[in-house]
Amino acid sequence: MEGGKGKLLKIFIGESDRYKGEALYHAIIKKIKEQGLAGATTLRGIEGFGAHSKFRSSLIEVLSSDLPIIIEVVDQEEKIKELIKVISPMVTKGLIVMMNDIDIIKYVK
Amino acid sequence: MEGGKGKLLKIFIGESDRYKGEALYHAIIKKIKEQGLAGATTLRGIEGFGAHSKFRSSLIEVLSSDLPIIIEVVDQEEKIKELIKVISPMVTKGLIVMMNDIDIIKYVK
Amino acid sequence: MEGGKGKLLKIFIGESDRYKGEALYHAIIKKIKEQGLAGATTLRGIEGFGAHSKFRSSLIEVLSSDLPIIIEVVDQEEKIKELIKVISPMVTKGLIVMMNDIDIIKYVK
């Protein structure tokens, strides 16, 4: 990935969402890697509500496996747009946003 | 929430901040839901410093209850601006930023 | 820090990255504070891959010390640009992005 302008994609899903027998967030991360993107990070929230408006909180032990998940990916516009085509059908409940006007200051692997 | 342009609101507070006898971050999440926003996610950091410039680190057991909290909300501009009016008075120490130029790619509930 | 336009800097590194004998993310947070920025937050992801394209997952016990780290800093453009000059040489593997078009709605310390 070169420096310059980029996009940051954010995918908001639930920890318990499944895709073909595995955790959706894990399936997405694998897909992002497969597509050759520069990197991705999965964050787990401690509380939230979302697509199905259910209250998810780590305070409540019972729901601890349904916490909110955010996956973040940064890359150039073209790569992010290709990725959206592949990821979007996997997200049957959730939110996908693309943050525009990002400068890639440094990328070293 | 429809697709198209949106805003991402980020609220940076401390885990130990209180509002009317409960955790501020929890009170804010409830308020966001009450206001009919599409969703919100609370993240807990492992280290940070902020409004009062105190070092917060999960490494130090004693301060483990004062870790940095980030709440993220995505919605259309109008709803985010309405939300700011309600949330802003609740945040007496902290930081609220609005990230412009966000594309809402997909939202399915 | 005053209200108005700002920048959000995001630094993506690994938890096990080191800088002069300490955790890089910890060294960066200290540097940010030293530079007089308004605040910073360190988040630890549960999974990801990045600069060296290695799969990092909290599911795998052995790699639990190499989880992805995101550091977020908000401030005015001038301060963020000064910070980049200082932080950039510390990040020998990783990604630094600057998110433009941010409104600082409220900052109270």
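Observations on the structure shown:
Just so it is clear, A, B and C label the chains in written order, and each chain counts residues from 1 on its own.
Just so it is clear, a residue touches a chain if its C-beta (ideal position, glycine included) is under 8 Å from a C-beta of that chain, and two chains touch if they have at least 3 such contacts.
Treat the numbers as computed from the prediction; the structure is a model and nothing was measured.
Although chain B and chain C share one sequence, what matters here is the overlap of their interface residues, and that overlap falls short of half of the numbers used. Between the two copies, chain A and chain B, the C-alpha superposition involves a rotation of 120 degrees in steps of 5. Between chain B and chain C, the centres computed from C-alpha atoms are 18 Å apart. Each of the following residues of chain A touches two or more other chains: 43, 99, 101. Those residues of chain A that touch chain C in the shared complex are 1, 6, 8, 25-26, 29, 33, 38-44, 72, 74, 99, 101-109.
Looking at the complex, you find that chain B touches chain C at residues 9-10, 12, 43, 45-53, 55, 57, 68, 70, 84, 88, 91-101.
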